[in-house]
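I am attaching a structure below and will ask some questions about it afterwards.
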Amino acid sequence: MTTKIYETEKPKLKNPIFIEGLPGIGQVGRISAGYLSEELKAKKFSELVSSSFMHYVLLHQSSSVHVLKNEFYYWKAKSNNQRDAIILIGDCQPIDPSGHYEVTHEILNYIKGFGVKDLITLGGWGVGEASKNPRVIGATNNPDLVKKYNGYNIDFDAGSKIGTIVGISGLLLGLGKYYGMNGICLLGETAGYPILPDPRAAEEVLKILMNILKVKIDTTKLEKKIKEMEGFIKKVEDVQKSALSQLIGQKPEKGSKDELTYIG
Amino acid sequence: MTTKIYETEKPKLKNPIFIEGLPGIGQVGRISAGYLSEELKAKKFSELVSSSFMHYVLLHQSSSVHVLKNEFYYWKAKSNNQRDAIILIGDCQPIDPSGHYEVTHEILNYIKGFGVKDLITLGGWGVGEASKNPRVIGATNNPDLVKKYNGYNIDFDAGSKIGTIVGISGLLLGLGKYYGMNGICLLGETAGYPILPDPRAAEEVLKILMNILKVKIDTTKLEKKIKEMEGFIKKVEDVQKSALSQLIGQKPEKGSKDELTYIG
Amino acid sequence: MTTKIYETEKPKLKNPIFIEGLPGIGQVGRISAGYLSEELKAKKFSELVSSSFMHYVLLHQSSSVHVLKNEFYYWKAKSNNQRDAIILIGDCQPIDPSGHYEVTHEILNYIKGFGVKDLITLGGWGVGEASKNPRVIGATNNPDLVKKYNGYNIDFDAGSKIGTIVGISGLLLGLGKYYGMNGICLLGETAGYPILPDPRAAEEVLKILMNILKVKIDTTKLEKKIKEMEGFIKKVEDVQKSALSQLIGQKPEKGSKDELTYIG
Amino acid sequence: MTTKIYETEKPKLKNPIFIEGLPGIGQVGRISAGYLSEELKAKKFSELVSSSFMHYVLLHQSSSVHVLKNEFYYWKAKSNNQRDAIILIGDCQPIDPSGHYEVTHEILNYIKGFGVKDLITLGGWGVGEASKNPRVIGATNNPDLVKKYNGYNIDFDAGSKIGTIVGISGLLLGLGKYYGMNGICLLGETAGYPILPDPRAAEEVLKILMNILKVKIDTTKLEKKIKEMEGFIKKVEDVQKSALSQLIGQKPEKGSKDELTYIG
């Protein structure tokens, strides 16, 4: 397993809070963190690549390619009641259980170097059907945090049913404890289909995030943004499916030829 | 592969005996070691996490999460005829063959540092049907031990049929030999369904264990304890199944929605 | 994961350009790079073997065997307007996603030691049906290269549809960026069946390659060469299939006995 | 991946020849090398264990267990025309392709320390049906060896059909070349069912081996020996199948209960 972080800048940050939003159920985390990063004009300072990601590069309209990666952005507080932030977004999560652990340890080691002590991870909570008024469920790696995050309209009741948080959002909390970090995971209630980005759930997560971070961002462009992303995300999913079927020796389907061309 | 042991205390132990009981057939090892540890009021001093465990965290009623882990407890002898003990219990075993070896080597390296020379590993022996009077089968990594453990009502006849002991209970014995450790595995006869904890088999194992350790613990609460555990274990199993089906791209079943909510 | 490079000679090269052509769709990259290397009389100087290749050796007519490997050749410029070159060809690509990353990092580390700053990777672009006049699609790891490689009859339009480049051809570009290397991938349009070498696509790729390298090679022997290779490649594919079915416990098919004998 | 060699003695050997016979097709290599080792009264001096072996221990009649392992034996030449030998036998081969490479590298590194320059690996050549007069096929990692091993009744014609040698027998030759070792693989023609030991093929291999080593051993006990082994080998196979089905969550079959009891 090889995971490497390539750094283009070494920002000086003061007690930064860490926010993670990678692809997952309903793309809730990815949309929320991506939109936040863009609206705050956060600056990219490093990229993480891992041998536990799929082994292809994405080809863009500019005819240029990039390897699958996770990206670290930073944002500096504008006023005294705000805190510096590191935001992690990306193309994908690892494809094997072991990779999730390795990448999570790499992330925790890396952000520890910036003095991170607080984590907010974002994701979706798949409930099987669409919800008009999606709740945001909270889970923490330290029972004391329930009090700290009280008053943000986070639902701490989910724990009454035992469940799991799969992937990096969960492991950052679970392993983060051993790195001396407190963490909360915000999960927007969503139908639970990874392929369909859920703007309503993402908006609810964003609202809570803005309150916690004490920042104001315009969420009216969110729907439009997601519309733009939808095409891209769908294509990536199709490509991934096509690449996987190629891997197991199947011929790419004919029907998808015009829209998507498998290159190998 | 990354396996880490996070230590919260470095106990000073005198010639400690090591006891392992992780999840497995009939949950026999897990129940016996867990109950023993609780009744002895053994104290946790370190936690082992591994990238060969499933890549999720468990969400509890308190809305807090924890990563899957194995836990080391110690107990100090109360009288001269007793010995200090290290007890290993936990949420799971590795999910791949290679992980079983790596975690076992980590455990052996770690306990060697405390001067461990004797191992007792606990498990179930699946015979396909429930037994009214479950036997406890013994297997050792050194033929001389059969004599040593004579008189404890351990059945050393199973060896007449060639078999295997799968997982950490077996590997601790097999690899432990290279670490200069003698080991016995106590296997309680059970139907062999991992999902159903078998109190009868666990009790038989516990009785023998008490005799070996020369401790007295009240086993009357065992049934009650197991009843409590049963719900938890069943939920963990369901969650694991749900997480696995999610991994392979299936929609979570609708029927299980009320009891169990998959979060990801 | 173990990847090793065994070097038989340490050539002194001046600003060499790196060319990769490993097995893949339509065998386009493998044929083009192999033919180029042979016609230029390039000299082998090292071999790469990896634990992510299939675990068998190939048995040749001479009754001698060789382990699956990738081979590095070098060629020294004959005139001032040419550049030294390193050419990578080989028997196979890794069999798992993680292996693709590890081997690519090894290759990049290794050629960095020779001062490589420019990469040309070769492959096929599967379009589902044979094409009379196959185009050569270009993809780069740096948008500026589109201008640089303008005028070579490379089609930079493919990017209008999002796609992927799977395997080492893609990863060399994607990861090469972090090694300070500029790279272009030339993909010959082909039907997309890995088993059938496509001479037409390979010839188109070769023509462009000759222009970029400012070398002249005789392409008239290409068809004949491919005919020779076809038998070999088909046998290797059959053997691989046979080995895989053996791995999963199936009896080798009877029909293939005369032509191909599975040895294990 | 963790592979460890535990050494109980460090023999001083003079230019030893290395002989490998691990389980494989028709058990030809395992039987030949095991019988040779026993008849020569070769002495065990080290054991290799690997995380790429199955994760269980074998339980014997003595109620003692051992972890799956490969074993190194040595034999000292009795006369001037003989050579010292290291013989490798064992319970199994790795269960994954990557493991085959790692274990092979470990073996080569280890025997290099004893000055080994010549390898003889033993195996079966599956031809799909039983043969009355099984040939012994030779394959080498150096074409010059065909001349050296001329006159031993080894068939060097198999190479006329391209094939593969799967597993450690092949990789020792293929990778051994990079360690400066010459190697020949002797493959006894056999039907090709791993589960059935083939005494006829093993005897043919043994005869050639005796000629090369210039030793005389009594092969009349071979059939009897194999009869003894057959039961053991069949049980190990059954146990492995049972363990694998357990791994994938199936209940052990009822019918096999009396003979074989799955323990976990």
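The letters A, B, C and D name the chains in turn, as written, and every chain counts its residues from 1.
Going forward, a residue touches a chain if its C-beta (ideal position, glycine included) is under 8 Å from a C-beta of that chain, and two chains touch if they have at least 3 such contacts.
What you are looking at is a predicted structure, and each value in this text was computed from that prediction instead of being measured.
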{"item": "Label of the chain whose CA centroid is most distant from the centroid of chain A", "value": "D"}
{"item": "Homomeric contact chain A-chain C: same or different residue positions, threshold half", "value": "different"}
{"item": "Chain centre separation (chain B, chain C; CA means) in Å", "value": "50"}
{"item": "For chain A paired with chain B, centre-to-centre distance based on mean C-alpha positions, whole Å", "value": "35"}
{"item": "Numbers and ranges of chain B residues touching at least 2 other chains", "value": "1, 99"}
{"item": "All chain pairs that touch each other", "value": "A-B, A-C, B-D, C-D"}
{"item": "Chain D to chain C touching residues, read off their complex", "value": "1, 24-25, 97-98, 100-102, 105, 123-128, 137-143, 145-146, 156-167, 170-171, 173-175, 177-178, 185, 187, 192-193"}
{"item": "For the chain C and chain D complex, residues of the former touching the latter", "value": "1-2, 4, 6, 49-68, 95-96, 99, 232, 235-236, 239, 242-243, 246-247, 251-252, 254, 257, 259-264"}
